[in-house]
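Heads up, the next two complexes both have chain A, just with different partners, chain B and then chain C.
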Partner chain A sequence: MGIKIVSRQLSGEYEKVLRREQRSFMTGNEVVAWAALAAGADLMYGYPITPQNEIMHYWARLTPHFGRGFLQTEDEMSAGFAMPGGALVGKKTFSATAGPGNILMQEPIAMAEMMRIPGVWIIQQRGGPSTATVIYSQQELRLTATGGNGEGLRIVYSTASHQELFEYTIKAFNSAWRYRFPTFVLGDGYQAKMREAVTLFRPENRGWELVPAEPILCLPGVPARDRDPVHLRNTFNLEEELYTRLMDQLAVYERIAPEVTEWEAEVPPEPEVLLVAHGIVARAARQAKESLNRQGWKVGYFRPVTVRPFPGQALRQIAAASPNLRLLVVESAYGQLLAMVKAELYGLTNPVDSLLKPGVGITAEEIAAAVDQTEEGEAVS
Partner chain B sequence: MRRVLEAYVGEYASGKSENAINRGLRLVRAGRRVRLVDLDLVEPAYTLRPLKRKLEAQGLQVLAWETKELIGPGEAAIPLKKEIVSALAFPGDVIIDVGYGVEGRRLLNLIEGGFAQANGEEALRLIMVVNTTRPVTSSLPLILAYLDEFGAVDGLINNTHLGEETTVELIQEGAVLVTAAARRVGCPVLATTALRPYARQLGSVDRMGNPVWPIERFMSGAFW
Partner chain C sequence: MVAEKTWKILIAGEGGQGVQSIGELLAEAAFQAGKEALYIPNFGVEQRGGVSIAFVQIAEGSIGAPKFQKADLVAVLSERAGERIKGYLRAGTIYLYDQSAFKPPVIDDRTVGIQGYETVAPEAFARMTGAEPGPPPRPPAADGVRLVGIPAAQVAKTELTNRVFNIIVLGAIVQLIQVLSPAQVEAAIEKKFGEKFRAKPELKTWNLQALAKGLELVAAPEPVRS
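Then we have the complex of A and B:
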């Protein structure tokens, strides 16, 4: 055909896609790649697994035009351990994985927790346990929120639309580098592959400040003379050393939790039922709430946006204000969100029902029908 | 009667499967024998398989795996159905849904005769589906760059839409871009395709004089 468009020209064209802020028809995985670009991510380390593959594909396609980097490692452990290397020299690094890949990455993520090294992980949940299905689930909630051999010192945003995938991916980079805790965007196979309209933008054009990535190691000056030495550790000789260090980190985490925690709540006066769901299922729950409200049901809706830290206090206040309020927890897993909700409601007497469908999608109609059928709840004890 | 042999190619999520299905059904309704082939080996069996029976009930012969036939390590590898290799050896029209962007084109070498050069009236034509709201094909330079990377095609289809936010004006803007790209590379725009309500408003031709083909949505019944 003989038409050669050099990559320099294309970077300008791709830049226009971000700057003109037009509605685009996209898959969620693509949205994440563009979000990482807009967030100023420098490097992606990744290993293929469905349903996140197109995050890698689009990142690898776009980055040559923007001078960013991509490395496909030999497995997820390697990708996870390469990330802190990039972060230590001042690069914004990220990865994307799912299912068994999420399990393998927990070891490097736990190291990043212990050493307070920032990084962003995108999780597109697939069916489990093991390789199960490549399609969809919400079964990686517990693993993503508290995986690793520790207390889960991490931030996890659970998204419900392509616009949120774009905006929370950018936000995840800011949170990771502001607080220096591993930060996650918890999506799923449906969000990864489904197509819907989204507005991409340059965060700077919306007044969003991007937290810079500063080098953590090899700082200027002589250690101990000009500055404190940087001594990042994930191994300790004594119980007391670990205890002291960990209690400091837990205190930091608890201090930042209130400003990090996000949720959505819509509660009518004198509510009878409160739908509790996260991620894509929350979108169906919200539709169900609206349709039930039109039929005269006093149904409310609560969605944790951060599933770690969990907005437990906000949920507890709603439940405590209406002792007869029945909660209906809905998730594409067998009781992972339910367990988190029950832990937060300890001591209250609100009945808690659930609609649990591990590994399959849940429609607004199914949720509305479950509310309709709900007679006797199970008391929290 | 001259056979229609077409492979639908193009950017990921540009509407290839939807257009291939609709093309096949249009030919069926014109009284022709039509075979629709699932050649998506990257997301194998997730596109046409859930729709197979529904499409067959409408008279299309569909070459794709049945759920009960499927074995293997999931997305890591699904065997090629042996009938697909000889898909073109069929006494009627053959429409091939080729998955996954530029890489998808390479799959055509798995089809006997898939890369045959114009052989009288029996050459497989490559039809590229373009939606100009997809970021990587959203401007003339980007569409041209995509075509350059892809290689020669025999025609373009303007399938510009924004899901539920589609407007007639948006489709017309897509037609302008796609037609400009087609002129630059010297291939025709076969049609602008749009869901019926929009097609009705567009009329029989779009702003650039390309025919408008009304389509129906089928892929909402597939997994992804």
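Then we have the complex of A and C:
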């Protein structure tokens, strides 16, 4: 197949770039390629689709120098099914896709979910449904978090800056190989294509431990004599068999969820409005909050960093503490985050408003104006 | 006010005019100067000859959304681009435009013109760089917009070379925003084009002269920002 894995010799160039922490100015796709390198990724399998293409381009350019591998497959399903192959023999594998490619990859992702085979997917969301735009959206939230014919036992980090793209990509490899659930970095076309500053570093230099990838199949010894056999299944004959297996997996997922879940919250005393947003929209929400705070509004901000598992308990606590607190959910989709938020708030009486703009970016000014509208001039100036 | 600490700059023109290079160089220079900077091109399934737009923000503090609704400064390099970006104007927007009476460049490569699904206008494929005579542009009569016209294409053609047209515009932007030093912009130019300069040293001279020209062509503005 043409993939040659040479020994993991860090080349001089890599050493030069990541030896010392270095502030750089680059696109998000470039950041992801460097992060995968820093995380010790061995192989990328991919198929081109805008706006993630440059992840493949940069990775393919870096691989020959650093003993890593790249295979362009015939489509996204093939790329997705090749990934577990690499993971089974102890390689850290990843892919990147978007939009219709994300849909096609759901079948292999569901298999990885069923068989608990680790892998990392970078999703650079574009407009949908179908081909729609190659530009931007947050419409792949539901698909990425709970797509597939299963229970969505996945870990999904929604990033908001190049620094986070770098750090959460590294973290995603650790989470995938530590917990063995499919792990995602949920970006978007804006993050993919824009240039901004980022500090690149070798995780080891910051004391970050990199979880090693151990072979899952082809272990030493004779199965059943020297060791337990490895029997990974995605097919079950009996309903009860599947049920037992899934309940075990759900129990594991629920046990690890509290340590995986991440969020950001800034809530002033006696808050009137809580802005809720994820990903790049959260940047605008935070700016809107700061600008409104300066004008005397008691506005807070809540951002799920993991959109799966969702930080529902943290959000619910904030809402429950102030029954009159009005939530304003802001997203570049038509109610995908809103539905997750409402599910978590079930039974509480807090009013929930929304600013939903499927497929387009949202600015701080629009969010501030929406707060103004919902409160009808009740600001304390 | 946060709004006054952030420069929101929109550059719009035809593929071939070097719109995206201006955006990249501005953002790179601001980054080198230790400021927060964000640059994003418009990209999409543009048909050939589509208007190319670059969004740049330069700030002392953190930057929110990558794109914006109203610009502090627009640089408009063709009449059609002016039509396309009307919605970004507000009272007080600086409207920098090329007042030379030249036709904008045309992308005449069919294959490249289709652009597939990739990124920005294919600037390297324009048949010309805006140097054929044409009608003079008509800037907008929008309320409160501050018009700044410069003969960028004219100067490029008669004093330097058509290829550095965009660097003249870059110089004018740098002069208008007053947050970057010429040396910082020169460093960004060197970083982006260093390899080309080594292959063809006169390119460097042209680029640096074009930057200086652009700086001269507009008067330094009254300090409207605190």
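Worth a mention:
In this section, the second predicted complex is superposed on the first by the 362 of 381 C-alpha atoms of A that agree within 3 Å, B and C clash if a C-alpha of one lies under 4 Å from a C-alpha of the other, contacts with A are read in each partner's own complex, and residues count from 1 in each chain.
Heads up, the rule we're going with is that a contact is a pair of C-beta atoms (placed from the backbone, for glycine too) under 8 Å apart; a residue touches a chain by one contact, two chains touch by 3 or more.
The structure presented is a predicted model; accordingly, all values stated were derived computationally and were not measured.
In the superposition on chain A, contact of A:M194 is made with both chain B and chain C. Using the contact criterion defined above for the overlaid structures, shared-chain residue A:E30 touches chain B, although it does not reach chain C. Judged by the touch definition given at the top, the superposed model places A:V17 against chain B, while chain C stays out of reach. After overlaying the two complexes on the shared chain, residue contacts for A:R283 are found with chain C alone; chain B is out of touch. In the superposition on chain A, no contact is made by A:Y47 with either chain B or chain C. When the two structures are aligned on the shared chain, A:V134 is found in touch with chain B and with chain C.
Residue contacts after overlaying the shared chain place A:Y168 against neither chain B nor chain C.
Chain A uses residues 25, 50, 133-135, 189, 193-197 to touch chain B in one structure and chain C in the other. Residues of chain A touching chain C in their complex: 25, 49-51, 53, 133-135, 189-190, 193-197, 280-281, 283-284, 286-288, 290-291, 361-366.
If you check the complex, the residues on chain A that touch chain B are 1, 3-5, 9-10, 13-14, 16-17, 22-27, 30, 34, 50, 54, 61, 131, 133-135, 189, 193-197, 200.
By the touch criterion stated above, chain B contacts chain A in their complex at residues 12-13, 43, 46, 74-75, 131, 133-136, 138-139, 141-142, 144-145, 147-148, 151-152, 161-165, 184-185, 223-224.
Within the complex formed with chain A, the chain C residues making contact are 1-2, 24, 27-28, 31, 36-41, 43-45, 62-70, 117-119.
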